[in-house]
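Okay, so chain A shows up in both of these, paired with chain B first and chain C after.
Take a look at the complex of A and B:
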């Protein structure tokens, strides 16, 4: 167990790597490329998860959707009143919202109806609503849009207004009254806020209906009980709690990165074989070197140790290089190309910025996935090299 | 079955371990049966070379197993987020029937492989290599729990069901639980704590008297009762909650991850005490350095764990 660092051996290992520069640089580059790919994917998925989780945090405790024949359909407004009679429910807010497909740009906007005298279901939304006069908006038939929406509209020459096509096929001209930026970029980017009446008109909905109802609960421990009461009251409504959403996000992203990782394993295995091959094919120069070392009095243990230092230095350098490259690529360049794997519908979603997320656990995971494979691949070859006999090699 | 990146990493390393351990196992068998130190045949010469490979492989496995064990617990902690009802790793570990056995095998294997390395080191220092047969026999035996651990681990992750509701640690470690763990809570806790301190003293006594069998026995009982006392008594003071007995929640951030410090010092202390003692019995050579390390870490664990109730009493003036 007493394995003190032998710095002379370390120095020898570094020199040995430098002596065979060409071969080692090739390995270093390939390996750091692999680490880079792996860590980029995990960083992206972690970062998106973080963003979504921060969205989840600000969501109301329970979202109620009505299902008819397995399809989501509108809820009557009167149900919100009835829900308030359940003990523990702080508020029940009917929401009018939906997606509007803007064909020219191939983008989906989230259209949300707002009302002056109604609490919004989210604080960030409430702030935006407080800052504008909804009455004026309604009078002038205006709307406020997120930054991403504004950009898409401007690209299509809608500088200060936009023509919605309503459900009846008529045009509805709505002026852009303002632009908001929100700290939660993922959802605010594609959002359009407009008065409820306009929203009803665009969606062609009955004015006594809402898209869904969000329920706020003061004590989070009461959520399961309240959900079961709601299920009794309205069997056709499905309750989605905050926790359900969080769990499904984690599942989705674990699945996506797991899927990628399974593919990565094939690469890693191929790499394993390449390294095995590279390190077991000793040149006559290297053989001679080992022969001399043994003749000078090195034991097999020393040679194995030296080889281990070599492979550890290479793999660790490659690990650090790949990691830094991935950090730069994901957070500085915003991961072009690769993030589309996670944003399958990226064409429909306006752009957003990946928030920085980096922790020790991630570092451990990446380390365990990369460096041990490399060292494992060099175990047997370095042992084989150390078994060479001095007299045979030098003869 | 869920394949999160962490699980894939663990399974991949398991596969590597299995591959290398199989090679080492076959070589060990060969060495075990054909070793003859006085022989000058090429076979003996080859066997000597192969014994190096085995030791390299075992070093590789052990060095990775240490961090991997912590990583496994971390993975279980993370999985508790998505498994209904689980609030920390214990819910995840107990969600499968044999989860606890897997944990036990993991710990036993750490001791076994660590001991092998100690033995190997003692063997390499001696130019006659007197323990060659013994260490390869030992590995051949230790291979079985390793194999079991890997099989259990694979089937553990395979049978993990995220939609199944599991118990949280609050119910697992309490009187109401149906498992044998609840038996512990029926025993008077002062007796268990007393036994813990008693064996702590016995370790010290064994060290002073230089009596190896006592030292080994005391260490063995010490690790057992320190875990029991931790669950029954000390953990409540860490959480400052009389009903919370979980040994896994100690590892969480709310308690500054104090569990990592506790478990590592307990492992190091008893490992050197236990394995160092056996090594001395086998090699008949003094290993007082091991005993000193063992004593230090055991005392550190005992002090740290005792500090919690004392601090609680000083702050609040009452016991829990």
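Take a look at the complex of A and C:
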């Protein structure tokens, strides 16, 4: 059967929404607030997950740390050579790095020592190092900083140099020779790259030592075996694998998700109260209107169709409004307030940009949990009223 | 043709039962003009409502145009009403927050007519009942008489074969009442079946009335 869209009915529905303007604006606001909150949380957690995943992916397969008296302590450079004797180890790269706490701004920078003649433990780092002349950098006492660092320094009037306080309590002036951006923003954003010798000086380290050693393997399946061999060779060293880190990140996130799940439930609860309120009955005026429509010859189908238009328009508009507001809030405004709750674990780090991530499945779920439920909540009482005798409803 | 046979209508309200109609039988032929009179509470409105299929009898059968409207499924009785019956309600039953025009077009909406047909029909009835000048006013701001005219216009917009009018002149002055009667007379000449429930004496000695039915306590006397 060919059926033409009944625009008169649609017009009637729009008119009906406007006639009950105050009530509908209230519903629209609550509804879109809810969608906004939930999708914001969704966007932020997705975005951070995406970020963390790329960080984890770029991590070395095995990191070796030496522990003395329960504290991490420096490793002798010679151990890197010894590690190469273990079968399956492709390379063992000693790293000179640490955190530098910039008191004025209250943030931590990651300071990484680089060396022109040495392979870097990570590709992204290698690219940066390849693009600068470490020799020149060393001669001029320079450093390259991540965008986040650059921003923090500029805010504190360090335009082209920075004074580090070394382990010996002396000033060490280092000029800013360049800024790098990286696609892995969460990690690279707070990073300072400078020549190894400068790093030794700032950290007050023995030049025969390294902070830790990063091991690359030829075959990832051999990691457990290699780790046990390393444990035999150096009982004072602890091996951290990529998987360990992934798990600890996930734990942080599961905790956060739990927190937000409860928030989610509270919101959902509010929503269901509204729905309950709606299903528990129509106002006598709305009931009477249904009776009148029936009396002048509207069938039940016509009435239900009209109510469907009404509730669809309201809930769909609210959904879209909430969604757009969330997109704007999260990706344009970078989610003020909410972001802090999520980013607790890296509070001491400079800001980074939330990467765009759009989880279609979750949004569909959100849509299905809100719009059809609202529509059903509107249709059921109207349907009930329309099954009664018109005479009865009009009284 | 309208035929009521042995109709009983009992309303139950809590524990009390109100017998609104008891053993009503009535036969109105096509094109006839019937006046239903009787004291307040005698059951006039209840009869009209049964004929229109707005409520169902407790027992007995209502036949309208050969169809047992009281036994039709809901959707069919709505369709039947839309195509055949124009009902002028005693309490108007207008939607107060809609404009005059939007109230009048209500019966047309489910048929999805073209804009042209719609505008033509609505303008025609609005002029006929002298409310065209208030077309865009909200019904709640109208006087009683004006609301009554809107109710009449709405009942006639579908050009129904049957008109059921419940106290149509209750709020009209003498001039407007006579105008309405003239219109009803004209409709009768066009072979419309008309039943008017009223206690307005204006209807009692009209020459074109075919039958006067008097009701008392839910019975025809």
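By our rule, the second predicted complex is superposed on the first by the 283 of 395 C-alpha atoms of A that agree within 3 Å, B and C clash if a C-alpha of one lies under 4 Å from a C-alpha of the other, contacts with A are read in each partner's own complex, and residues count from 1 in each chain.
As a convention for this text, contacts are C-beta pairs under 8 Å (C-beta built on N, C-alpha and C of every residue); 3 or more make two chains touch, one makes a residue touch a chain.
Everything numeric in this text was worked out from a predicted model, so none of it was measured.
When both complexes are overlaid on chain A, the residue A:116 reaches neither chain B nor chain C. Once chain A of one complex is fitted onto chain A of the other, the partner contacts of A:293 are limited to chain C, with no touch recorded for chain B. By the touch criterion defined above, A:8 lies against chain C but remains apart from chain B after alignment on the C-alpha atoms of chain A.
Of the two partner chains, chain B is the only one touched by A:375; chain C is not. In the superposition on chain A, A:225 makes contact with neither chain B nor chain C.
Applying the stated contact rule after C-alpha superposition, one finds that A:19 touches chain C and leaves chain B untouched.
Applying the stated contact rule after C-alpha superposition, one finds that A:301 touches each of chain B and chain C. Of the two partner chains placed by superposition, only chain C is touched by A:391; chain B is not. By the touch criterion defined above, A:365 lies against chain B but remains apart from chain C after alignment on the C-alpha atoms of chain A.
On chain A, the patch touched by chain B and the patch touched by chain C overlap at residues 300-301, 387.
Looking at the complex, you find that chain B touches chain A at residues 2-9, 12-13, 16, 20, 23, 49, 52-53, 56-57, 60, 64, 67-68, 71, 74, 78, 81-82, 114, 117-118, 121, 124, 162.
Only residues 4, 6-9, 12, 15, 19, 288-289, 291-302, 387, 389-392, 394 of chain A touch chain C when the two sit together in their complex. Of all residues in chain A, only 1-2, 42, 246-247, 250-251, 254-255, 257-259, 261-262, 265, 268, 300-301, 304, 361, 364-365, 368-369, 372-373, 375-376, 379-380, 383, 386-387 touch chain B in the complex they form. Note for the complex: chain C touches chain A at residues 49, 52, 54-56, 74-75, 78-79, 81-83, 85, 87, 89, 91, 93-95, 97-98, 102, 105-110, 112-113, 118, 154, 158.
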